[in-house]
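What follows is chain A paired twice: with chain B in the first complex and chain C in the second.
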Partner chain A sequence: MAQTGGEQRIFLRKASGLIRTASGTDTFIYNLGLVSVGLGVASILFYGPAYYPGGDLVWSCLLAGVCMAMIAFGFITWTITLPRSGGIYVFGSRILPPGLALTMSLVEITAWLFYCAIAAYWIILLGLSPALTFIGYLSGNDAWVAAGAWVVEPWPLFLIGSGILVLSGIILSAGMKFYLMTQRIIFTSALVGSVILIVVLATGSNADFIVSFNQLMGPILEVDEPYQAIIASGKENGWAWDGTTDWEQTWLVSNWPFLPLVGAAFSIAIGGEVKSVERSQTYGMLGAVCGATLLWVITISLATSVFGYEFLGTAAYNLLEGVGVQTDPTITLLAGVLTGSPLVCILVSLGFMFWMWMWIPGMHTFGVRAIVAWSFDRVAPEPWARISPTRHTPVVAIIFTMFVNILFMALFVFTEFFSAIVILIEAAVLAWSVVLGAGIFFPYMRPQIYEKSPIATKNILGLPMMTVACALGFAASQFYFWTLWSDPVAAGHDPQQLMIVAGVFIIGFAFYFVMKQIRKAQGVDVTLAFKEIPIE
Partner chain B sequence: MDGASDNLHLEFVDVALRLVEDAEARGIQLRILGSIAYRLQCPKNLHLFQDMARVLTDVDFAGLKSQNQEVREFFLTQGYKPDEGVYMASEGARHIYLHPETNLNIDVFANELYFCHRIPFEGRLDIDFPTISTTDLLLEKMQIVEINLKDFKDTLVLMLEHPLGSPADGNKHIDVRYICDMMAHDWGFYHTFTTNLRRVEGYISEFPSITPAEGDTIRGRITELLEAIDAAPKSMKWKLRAKIGTRKIWYQEVTEKSAQF
Partner chain C sequence: MFWKKNKKAGEKLTIFFASDLHGSSVCFKKFINGAQFYGASVLIMGGDTTGKAVIPITEQNDGSFLGFQSGADIRLNGRDEVDEFIKRVNNQGFYPIVMTEDEFQALKDDAEAQAQLFKKLVCDRVREWCDFAGDKLKGTEVRFLTSPGNDDFFEIDEIFNGAPHVGYHEMEVTELSGYEILHCGGSTKTPWDTEREYSEEEYQRRFAELVPQVKDMERCIFNVHVPPYGTILDRCPKLDKDLKVVFDMGNPVSMQAGCQALMDTITEQQPLLGLHGHIHEGRGNIKIGRTTCVNPGSVYPEGILQGVLVTLQGGEVASVQLTQG
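Let's turn to the complex of A and B:
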């Protein structure tokens, strides 16, 4: 600042300045949106009690939150040291062998673009369809129920999902400022939905819910006391819980809060566009981890109390296994049942859809920024970073990634094999782990860059802050890589799915070596880009 | 040119003039701003820049976003290489070009110069040629929060060379009403502008060649401009923001130029 304590100062500007686009608040919203608080609540409550009986959901959220904070700490030191856009490619390319850095980045963005398609799929499956169905139940109008079923048919699902993905491309091609502005509006709306859900749960009770559920669903399911029937049939068909906390299940179920929490570090993708990078990235990443964990702990505690742990577990178990008395136990629908209000159902559903939506342009941006960074380093074709003369945005990269998203959507909707792929997140966590591991040695291997970092003088236990932060991040990411590996529901290590991951790695290496040869033929040595010392 | 002048890179003035004229011939509106514009707008006091040993480091232009494509093509045909990262990150609001042989750096600001505070160029590039108007030149310096010595010196020379007035007085007068309107709607800019302007007269002694009479002229113009700004009626938004004051950051933060991708 020009004036401090009334003292007037003269400054020495070394060069003309630079304005960055994303504020600290934008960074926080970007990350919290990519955590997708609503989707996290829905997936934890859906899969948690069903497949991990005895797992304590609150402790699992806290475990995932602490580990994600460690990973975020590592990435904060990376992005402060190299404040550029492009995700882990920017970091890895300055210390790892170039082929490995590009491959890690390709693995990472393949996972994120795949999850873009999944988010579009979930908006329809977990948001739109239950909302239409429940409105039909309450109004007694079968057309709504039919519409709820129709939107999850393959072709309507693909077309609506593709429309959502195209909308993301349109928003990104209008520019980062416009995208960040839309995120602020969507974030506020999503937060309203989450607050309504918390209020609904806080003012309800288990007894109220059982009465409402049995009254509404009894005639539909054609069962007396369906709440009790669902629990009984679930137990008869193999769901078992002795009423105590199982710590192994608590450890494994923590995969479900961890999976969305990885979004809290996604602002590494836009590092070159973040203002006051040290403050904004720290606040943006750690704030998103803490905010999401807090919202989950509150919502999940209330939901298990109001709906009942056994009911949540058996209802989802019956539906997923196709046994016993079946109903859709998504939290949006259950909140609607609790209040008997279509309006509440619509508002909560909209909130969930907004949370899920925030995944899509956020992850899409991640892919675009990585591809642009590759292109600027000449390890990808230059046209991929071409800027629209009218919109001033990288439309080629945006459209290219949008078509990849739509391709994933088609694979997800029309094939059984791809719809079962859950392992890509594990590959992305492995890629993060490699880059965080490299960060431990960065201050020693690239001292000429690290010395210019704002954190260069900061030490923890006598070691460079980056070394300590990346060591913590590496340990946490390894912990979750193996936790995911050990959990066939969340990820696992199915050989066929591992082949897909191996295929992405092979494509990454092949892509690098092909580009290297093409550039060599053009008289360009791409490895020089990786040896460049950034001027930060 | 003598050796001292060579070190000041005065040849950049000729390059800037040639570029702006070539662009104009192709229908592209570019106007020079920054230190070269100050030299061009202050011919009567050019010796003061010599006294300062003011080194020219780059060439800055104001342009129009609607002509971005033409501007890019123009500089590419002139042999310059664009910094695509800055162009993309700024969404076309800023272009940076580097000449690989001369190492001359060119900055083009499309539609506005927006560092600490916003200075619009739309509808204002017709006021003067080959530089932006003297009014916008003054705003350009006075919007800088982390202001440095050479900015104060440039401003001194500008205030000595150009009287205050209105558009009716001619395009070389500093447009008091335009500045007052801008300051009356934006407390942050008002604070930075008036704080900086009050400090300008303190640097008159840095120029031994400025006569006492010239010093009085500068002081008089600064006082007159500050009084006009303070007298102008302020908007409600300005008054509310003024109550918060400098407890909340009042300007856009500017970081050191660096690669963004």
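Let's turn to the complex of A and C:
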């Protein structure tokens, strides 16, 4: 069989039916917003040179981009075959035992809801605090500097972060239309911030930056030539780099671009709303991977050139380790220093905060949709799927997940142990790999469904396209599971933290089996929700 | 509370309801087999039985065939590929037909001939389904009830009415194991101007005719194809006169496409249960006062049958479970 061009050989009649609304552009924006380009730039430049000296940031972005494209390819074949909203729960439930499908979904949304809290935390830490501090530096007003330090104290951090999370809940409760409208405005503003940053960096030079930095920060830090002093004190206190590329560090530092890049596949959550699903999801997911990677490569190349790799590494190292000459090296503040302009600092900071914000309602929605899907399938309490009669939104699920977000925020801020639970991303990547692994066998185990997929006739090396794509996705997700496992800075495998991850899996299974027993007592067999009815 | 045991007394009646199969043979077979699979004693198919597209498979001079799939032509080499393609198209809810290239060229500019072909193929498919249902349900206690949706040609009425093991009802109130079912098909006006559409005023008259026939509203099931207005069951994207989605500030505008007269009737009469379809996006389960209203939605092109299992016991809805079989 082969596809050909020519006239449309189909006779259609007027009939009502399903209408899908999200275009390829909408899907692209949705995914790119959830990549959070600004968060990627900030975290790569903050943690990369500091903890992975010699790691090539550009190559690390490219490695993460290629692997995420492989994962996206696997999910594209899943969502083309089962074009419905609900993410990996929908996919997993067609082929995995229901308990396992629910557990994978629960693990995934636990990680994403935790990341809502982290995003709120980073908005304050990497956006608000540096902006206030820099305004204080330029104006000479200590109150601004004090405010910059105050907002990262535990209680203010928790209260402001919780306020951000509550705002997400309010926007989602107001309805999808209002949410999409705010996201578009925020996305545009964030993009403007990124463009301003690129222009600032492209028109600046390392020499300009050193002069500006030393002039501004010398009196504040009470050090002559603070740029050079920061580098020297960092080296004295253990930061080491011989000036060559270290490929092991390049591999490990790629965790940082990979973490936000997972957002490029989040349109699997809105699969039921995407029209021309094959084209839109392909452009939407791969476009977001390529777009984000390209923006990072440009911004990071310029930033390391203007600020200097050694400076970025030692400044963050000194701050994170509490040694040597310390200053806040977030890119928003450095861009402000470079221009000497509070306006530039504010615009770039706002752009970063907007990028980080886009994570919050996006991931919040992901969790809400999954919970509503569980409730429909009777594996979660019915009230969780209750819809507001006026706003037509699942208010109970939104409020429930909002409180989970705030709980995570509290754990993140007030406990040292949970502040290091970035390891949850490992659990989410593992859940993805299970579903992608199942996708390898889907064309063989569910041929009646797969034969209706638009890609059913497409083969690669004689194998169904879905088998090949999911094999690539499985390999890439496993690669990043082990990369995160091997990197104690980004995630690692501390036994206590692994117990938390194991605990999330156990909670998922326990939740399913408890609900199953409750429903059984009510005369409902929840295993029937996804069992395929025989045809003949 | 959701964890409380179901202590309702009385005999259980399990209904499996699905709607908007739109010609998908695989979904219909699953629907009929759903009785045994789910242990349901009543099958209710909520209308929009008929499909939307005819796929001509035309023989070419070189012996190959041309078909149409996923927005593009597809060349089929040999009878095996044609047979496999026909099976796939049938399962998607479309109507494949093998013809010569000359026949296709003549047909493509003749709207009347296309309409006749559509009706013939639709009726053939309905006959096949009735035969399948007859074979499967013969000798069982399972009751199979259906009523028309807005997309259904009037020609199918006669076929369903003549089929054993099929209870085809429109504008009727029938008895069902101690309960009553009010059957009302069609839909409110749609942008597609389909076969069986009625204005709100006509629906008011239809319900005014049917409601007095119900003896006990507390034990009455509304099998009404269109969902009640202003709920999640009838929410869908708004279309313009060219059937394109309307956007506002770059966002798709949604609208309610249900029936206000039905909403008013349910609010006033408070039947036990409402079974609805029509809006494929409107999958959900809601309460309007004491009335449980369900729309299982439809994703028939994927070959997945979305349905709902409803268990009635002691004159109450004991459980509602949406399924994707």
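Here is the rule we go by: the second predicted complex is superposed on the first by the 515 of 536 C-alpha atoms of A that agree within 3 Å, B and C clash if a C-alpha of one lies under 4 Å from a C-alpha of the other, contacts with A are read in each partner's own complex, and residues count from 1 in each chain.
The rule we apply is simple: a residue touches a chain if its C-beta (ideal position, glycine included) is under 8 Å from a C-beta of that chain, and two chains touch if they have at least 3 such contacts.
Everything numeric here is computed off the predicted structure, so don't read it as measured data.
Which partner, once the models are overlaid, touches more of chain A's residues, chain C or chain B?
For chain A, the partner with the higher number of touched residues is C.
Taking the superposition on A as described, I'd like to know which of chain B and chain C A:37 touches: first, second, both or neither.
So A:37 meets neither chain B nor chain C here.
Does chain B (first) or chain C (second) touch A:180, or do both, or does neither?
second
After the superposition on A, what does A:528 contact: first (chain B), second (chain C), both or neither?
After superposing on A, A:528 lies in contact with chain C but is clear of chain B.
Who does A:86 touch here: chain B (first), chain C (second), both, or neither?
In the superposition, A:86 touches chain B alone.
Please indicate which partner A:387 is in contact with in the superposed arrangement: first for chain B, second for chain C, both, or neither.
So A:387 meets both chain B and chain C here.
Output the chain A positions appearing in both contact lists, the one against chain B and the one against chain C.
On chain A, the overlap between the chain B and chain C contacts is residues 1-3, 8, 10-19, 21, 83-84, 176-177, 272, 376, 385, 387, 389, 392, 534-536.
Applying the document's contact rule, which stretches of chain A touch chain B when the two form their complex?
Against chain B, chain A makes touches at 1-3, 8, 10-21, 83-86, 90, 175-177, 272-273, 275-277, 369, 372-373, 376, 385, 387, 389-390, 392-394, 534-536.
For the complex, give me every residue of chain B touching chain A.
Interface residues on chain B, with respect to chain A: 58, 60, 65, 68-69, 72, 84-94, 107, 114-115, 145-149, 192, 195, 199, 246, 249, 252-261.
Which positions of chain C touch chain A when the two form their complex?
For this pair, the touching residues of chain C are 2-6, 12, 20, 22, 26, 29-31, 33-34, 37-38, 48, 50-56, 58, 66-70, 72-77, 81, 85, 88, 91-92, 104, 107-108, 114-115, 117-118, 150-151, 187, 190, 192-194, 230-232, 235-237, 239, 245, 248-254, 278, 280-281, 283-286, 298-299, 301-305, 309, 311, 318-319, 321-325.
Note which residues of chain A are touching chain C in the complex, please.
Interface residues on chain A, with respect to chain C: 1-19, 21-22, 81-84, 93, 176-177, 180-181, 184, 272, 278, 376-378, 381-383, 385, 387, 389, 392, 448-449, 451-454, 456-457, 518, 521-524, 526, 528-536.
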